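Lettered A, B, C and D in written order, each chain numbered from 1.
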Amino acid sequence: MIKREKMTRKFSILGLVLLGCLLTVSLILLPGSAQARNIKVGVIDCYSGPAAVYGIDALNGFKLALSEINKKGVLGKKIEWTKRDTKFKVDLALNMAKELVMREDVDVIVGTINSGAAMAVSEAIAKKEKVPFITWISKSERITGEKGHRYVFSAGENTAMAGKAGGVALSKKPYVKYWIAGDDYEYGHAIANAAWRNLKAKKPDVKLIGESWWKPGEPDLTPYITAILAAKPDAVIFCTGGRSMTNIMKAVKATGMAKKIPIWIHTATDHAVLKPLGAGAPEGVMGTMDYHFYYPDIKANRDFVKKFRAAYGQAPGFPAFHGYITAYFIAEAYKKAGSVDKEKFVDALEGMKIASPVGEIEMRVCDHQVVLPMYLGVTKKAVGKNFVMSTDIVTLTGDQVMPTCDEIKKARGK
Amino acid sequence: MLRVEGIHKSFEDFKAVSGSDLTVEAGQLVAVIGPNGAGKTTLFNLITGQLKADRGEIIFNDEDISKLPPYEICRKGIARSFQIANIFPRLTVFRNVQVSVLSQQRKSVKFFRPARMLAVKETREILENVGLAEKADAIAGSLAHGDQRTLEIAIALGNKPELLVLDEPTAGMSPEETGATMELIRRLADSQGLTILFCEHDMEVVFNVAQSIMVMHQGISIIQGGPDEVRNSARVQECYLGGA
Amino acid sequence: MRVLSKDFFNLRSLGPIIALLVVLVILPSIIPRFYIYILAVIFMTALLAMSLNMVVGHGGLFQFHHGAFYGVGAYTAALMLTKTSLPMWLGFVAGPFMAAFVGLLIGMFCVRLTKLYFGMLQISLGSLVWAIAFRWYSFTGGDDGIHGIPLPSLISSTKGAYYFGLILLILCVTVIYLIFKSPFGATLQAIRDNPERCEAIGINVRRHQLIAIVIATFFAGVAGVLFVVVEGSVFPDLLFWVFSLELFIMCLLGGWFTFAGPILGAAIMISLRTFVGIYTEYWTLILGIILILLIFFLPEGVWGYLLEKFGFQRKKLLEKEPDP
Amino acid sequence: MESGYTITFAALGSQFLVGLSRAMILFIVSSGMSLVLGVLRVPNVAHGSLYMIGAFAAFSISSLFGGGSTGFWLALVFAPLVVALISFVAERSLFRHLYEREHLMLLLFTFALMLILGDLVKMFWGADYRSIMAPEMFQGAVPIFGSPFPKYNLFLLGVGPLVAVLLWLFITKTKIGKISRAAAVDMEMVGAIGINVSWVFAFAFVLGCLLAGLGGALVSPTVSITLGMDHDIIMEAFLIVAIGGLGNMWGALVGSLIFGLTQSFGVLFWPQFAIVFPYAAVVIVLTWRPKGILKSVW
C-alpha cells in the first residue's frame, strides 16, 4: 500500500512537472522575428466536427495554389501559412485569430466556414486591428453586405447570391404554392429570405403555404418530409447545408419525394454531398452550385482538377476552389501593391481581376465580394459512374445573381 | 407535549405504520421498542416530517405539525438524529455542530459576518457536553463510528430542542459504546431538562433508562406505559418478547 | 471595517496573495500583447468558474447549464450598448441583474428537483433561453450574434480589458470569499454534504439553494459583461450546453471542494486550448489525455493537490463519500 | 405566412409511424445509457462518441464487403461488437480503477474519453461525410395512410421492439442480467453476497456501450455518417433517460416515445419551432414529475 502511494506521488509530481514544462515552453516559444521574413498568412478554420470536411478541402486548395505561387515567389519572398482549428466555435475563433495577429504577426487572415466566427473576426480583429481578412467559404451575405468594411473581403459565394440564383431560376417555373424548409440557423434563413424575395419580385402570384425549420444536423428528417408531403405544395425550397444536406437527400430518396414534388436546394449538386451517397442519391433535384470539378469544362478547370487529384488523390470540392482563388488573390494583390503593407494590400485587392479555373473573376470594389457565376443543374446518375451529378447545367453570371452595388450601399446605410 | 394519534403510512402496498398512538410528556424519557420492521423509524420520520402521514394527527404543543416540512418542525422545537450516521462528512466536527446552532439562532442566511466568529461559545459548550471537544477540528467523515453517532446527537442539540428524537442512537455500537451513549442520554435528560424520545431494540438498555415505553408491532402500537407495566403485559410478551 | 478584518482573512496567507497581485499589476508592461489578452480571457473564465463552483463545489448542486446565465449577462449588456442610448455603465449593471433574475426564474423550477434531474431540467430551461438567442434574429442577431460592440478604448484596448478584468475578478473573488466563509456559505456546504440532515436542523434547503443560485448567476452575469469588454462580441455559443459542460469540468479539474481551485482549472483549460492549439489540431485529444492523467494522479484536483502537498491544510479534504 | 393547407387524419397517422420509428433508434441508444446510469450511477458522456464509432464502424465493415446487403447485415452485427470491444478495453484498463473514487471523477473520466474518442475517430476515418445504403429490400417507400413511408423505417419499427424484448429476457432470465438489475437497486447488497462488483460494472458498461454502437449502426443508412454525430445524440439521450426515470430501462422507452412523437407531431403543427420541442418536452415532464415518469433508482 505504502509503495503504491509513493508511486502515485511520484507520478503526480512528474505529471505536474510535465504540465508546468508544457506551459513554460509554449510561453517561451515566442515566434522568432525572422530576418527578411516571408509573407505570412494565418488560416483559421474548422478542422474538427462535421464541418471539418469543408475546412480541410479549402485548405488543400489553398496549399496547392501556394505551392505553385512559391515556385516563383512574390516580391522575392515566399508565402507561408499557419493554421488554427476553431472547432466551429466563435470564441475559439476569436482566441485563435488574435493569437495569429498579435503573436504570429500574420499579414493576412483567411478562413472559416463558420459565418458567425467570420463576422466576429471581421469586426473584432480585421476592423479593429486593421488586418485584412478574406473569408473563403463563409456564406453569410452580411459579411460583405451590411457589415462590410475596408478590411474584409469574401472570395466565396454568399447567401444573397445563392438565394437570388434560386429565386430567378424558380420564377421561370409554373409552380405557385411553395413550402420552405431548412436548417434553423442564419444560413438557412438567409437563403430562404433571398430566394423568396427574388422569386416574389419576379413572380408576384407565388404563395408560401408553410415553413419548417429543424435543428442544424438533425439526424432524421423523415418526419419533416412526410409533414410537407401532407400539405401538398407545388414545389419545395430546402435551405440547408453541410451534413443536413446529406440527411435531407437521404430522406428525399427514401420517401420518393423527388418524384412527386419539384425541389430546389442550394448545393444539392455539391459533390461532397453526392459522392458518399453514391447511387443512393435522389435524381431530379434542382440545385445550384458555385463550382463543379466537371463544369465548366474548360482547360483552366481541367488543369486545376488534374493538379488537385495528383496532390490529394480526390477531386476538388467547392471549398478547394475558393481556397485556391484566395491564394491567387493574395499573391496578385501583393505583386500589385509592391510591398508587404496591409493598407497597400487592401487597395490593391480592390477591383483585382485574376484568372481562375472558372474563367476570369473579379473582386468587386464596392463591397469586396468576389463576382462568381452560379451553376443551376438537376441531379442525375452519371453515365458509367457510380454517383449522381449535376446535369443540364445553366450558368447564371455574376451580375445576374449578385446584389447591385446600390443595394449594398442601402444595406450598409441602415 | 407530543401526541400522536391514529397515524397511518403505507408505501405502495406495504403498510409501514397503520394506526399508532404515542404520548410524550414534558421532561420524560420515552422509548419506542419493537422488532425490526415494526415501523419505528417510519414513525419517527413521520413525527419530524421527513415523511408525510396518509392520515392521523401529530400534535406538538397544541399544534398539528403533521403537514409541516421538516425544517418548520425543527423550528417548532423538535430535533432529531438518524439511524445511520447522518452528519456532514466533509466539514469539521466543530462546523457540523455550528451549522445547527446558526440555524437555531436564525443566522444561516447572513453573508457578511465570518462564520467562525459566530455561535462559537454555544458550539463549544455542546461539544464539551457530549465529549467531542478534543476532536473539534477533525473532519467529521474521518471519525470513528461511535464518535459519528455522538456527533449526530450533538448536531441535534445545536437546535436547542424541547424534544429530542433519537432513532436507534446505539445502532452498530459495541456494548461499551452503547453504555456510554445511554449514559450521555440520561445525563442530557437530567441536566438540561430535555424531553427525549428514542427507539431501541436492545431491551435491557431501554428498561433501565426509559420512564415510559411504547411497544410497536407490525406498524401498530400495542401499549404504552411504565417499564413494569410493559414488562408484565401479556400482549407484549406474546408478540415481542416471546418472538424474540 | 469589521468585514475586512482578520476575522475573515488569515494574515499569513495574505502575503503571497499581495505578491501575486503586484505581479499581475505590473505584468502587462513586460509581456507581449497576446499574453495580456489571454490573461484577460483567463480572468473572465476564472470568475465564471468561481461563480459556478459556488453552487457546484460548495452547494453540491448539479448546475449543468451555468453558461446560460453567463450568456444572458453578456447579451443584456451587449443589447443595451447597441440598441439603446442609455449610458454604458447601466448596461454593465443590468447584465448581472438580468442574469440573476433569469437565475431566479430557472432556479425556482430546478430546486424542486435533485441531482441529475436538477441538471437535466436546467439544461432544458437553459436551452430554451439559448433558443431565444439563436432564433430571434431581429433582436439578438440570431446565431451570427452581435459583433463590434462599441466600447470606450479605456476598457476595450487589450490592456484596458486586462485591468478591468483584474479589478472585477479581485472584487468578485473577495465577495465570493466572504460568502464562502459566512454562515450562509457554511450552511451551503452543509447542504452539499447532507441536504436531508440540514432539513432536520431547521434549514429551508430549497430556499437556501435558490439564494445560492441567484448569487452565482449574478456573478456569471458579471463574467458575461467582462466577456463583452474583452471580446466585443456576443453569440449563442455562450449559452450552449457544450460550453457549460466545459465549465463544469474546469471546476472538477481545479478541485471543486477548494476555494481557489476553479481559477486554476480555468487557467489550465484556457492555456491548454490556446497553446496546444498552436501546435496541433488534435489538442482535444491531448486535453483528454491530460485530464485522465490528472484524474489518476491528482484525484482532488490540481489545487486540492497543491494544498495537500504543501501542507496548507493538515487533513485530507475528503475521507469518505457522503451517504447517498 | 399565408396558410393554405389542412392537416388530414392520414397525415396524423403517417406522422405517428414516423415518430415511432425515430423513437426506436432513440430507445436503443438511451437504454444503453440508462443501464450505465442505473448500475454505475454515472452519466456516460462518451456514450455519443461510441454511437458515432458504431456508425463509422458500420461504414467500414459494410464497404469492406462491397457495400451491398451482405455488408449491411454484417455491419449490423459487427459494428456494435467493435464498440463493445473498445469500451471493454477502456473499462478494464482505466475506468475500473476509479470505482472507489468520488463519483464526479467518473463523469470527468467519461468526458475525457469523449474528447479522446472524438479525435481518434477523426484520425482514423478522416473528416469526409460517409454513407451506407440500406439493403435492397429496405430501399424506397411503401404507401401507408396515403403518404410514402420509407421501408427502412418499417424495419426499425421491427428492430426496436425486438431489442426491447431481448433486453428484457436478458435482464430477467440470465444470471448476470439479474445481478446487474439488483446492482441498480442496491450495490452494497450485491457486493455483500460475494459477487465481484467490478465485473458487474464492466458488464453493464460494455452492454450499455454495445447498445450505443448498435444505435449508431442502425441509424447509419438514414443519415450522413460524420464527425459531430456524438454531440447530436448525447444530449437527447440524457434528456430521454431523465424524463423516463434515470436508470430505468423502460423509462428510456417511455422517454424515447415522448421524444419521437413530440418531434413528429410538432413538425406537423408548429413546423417553425422544431428546435425547442425536446427541451420543452423535458421541462413539462420534469415539472410534472420531478423524478421522471417511471420509478428511478436515483
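FYI, contacts are C-beta pairs under 8 Å (C-beta built on N, C-alpha and C of every residue); 3 or more make two chains touch, one makes a residue touch a chain.
Here the structure is a predicted model, which means the values were calculated and not measured.
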item: Given chain A and chain D, the chains that contact each of them; value: C
item: Each chain counted as touching chain C and chain D at once; value: A
item: B-C against A-C, pair bridged by the larger set of C-beta contacts; value: B-C
item: Most remote chain, CA-based centroid, reference being chain C; value: B
item: Centre-to-centre distance between chain B and chain A (centres being mean Cα positions), rounded to whole Å; value: 70
item: Centre-of-Cα separation between chain C and chain B, whole angstrom; value: 41
item: Chain A-chain C separation of Cα centroids, rounded to whole Å; value: 35
item: CA centroid of chain B to CA centroid of chain D, Å; value: 47
item: Where chain D touches two or more other chains, by residue; value: 118-119, 122, 231, 275
item: Contacts with 2+ other chains: residues of chain C; value: 134-135, 284, 296, 318, 321
item: Overlap residues in chain A, where contacts from two or more other chains coincide; value: 47-48, 184
item: Chain pairs that touch, as defined at the top of this document; value: A-C, A-D, B-C, C-D
item: Residues on chain D engaged by chain C in the complex (per definition of touch); value: 37, 43, 45, 94, 97-98, 101-105, 107-109, 111-116, 118-120, 122-123, 231, 235, 238-239, 242-243, 246, 275-276, 278-280, 282-283, 286-287, 290-292, 298
item: Footprint of chain D on chain A - complex, ascending; value: 47-53, 55-56, 177, 181, 184, 207-215, 217-220, 222-224, 226-227, 229-233, 243, 245-247, 250-251, 254-257, 260, 272-273, 276-280
item: Chain C to chain A touching residues, read off their complex; value: 32-35, 37-38, 41, 134-135, 137, 142-145, 147-148, 158, 231-233, 235, 237-238, 243, 268, 271, 273-279, 281, 283-284, 290, 293-294, 296-298, 302, 305
item: Chain D residues within the chain A interface of the complex; value: 1-5, 7-8, 10-11, 14-15, 18-19, 21-22, 25, 67, 118-119, 122, 127-131, 133-134, 139-141, 147-153, 219, 221-229, 231-233, 263-264, 267-268, 271-275
item: Chain C-facing residues of chain A, complex; value: 8, 11-12, 15-16, 19, 22-23, 26-27, 30, 47-48, 83-85, 87, 89-92, 94-96, 98-99, 102-103, 115-116, 119-120, 122-124, 127-128, 140, 142, 147, 184-186, 189
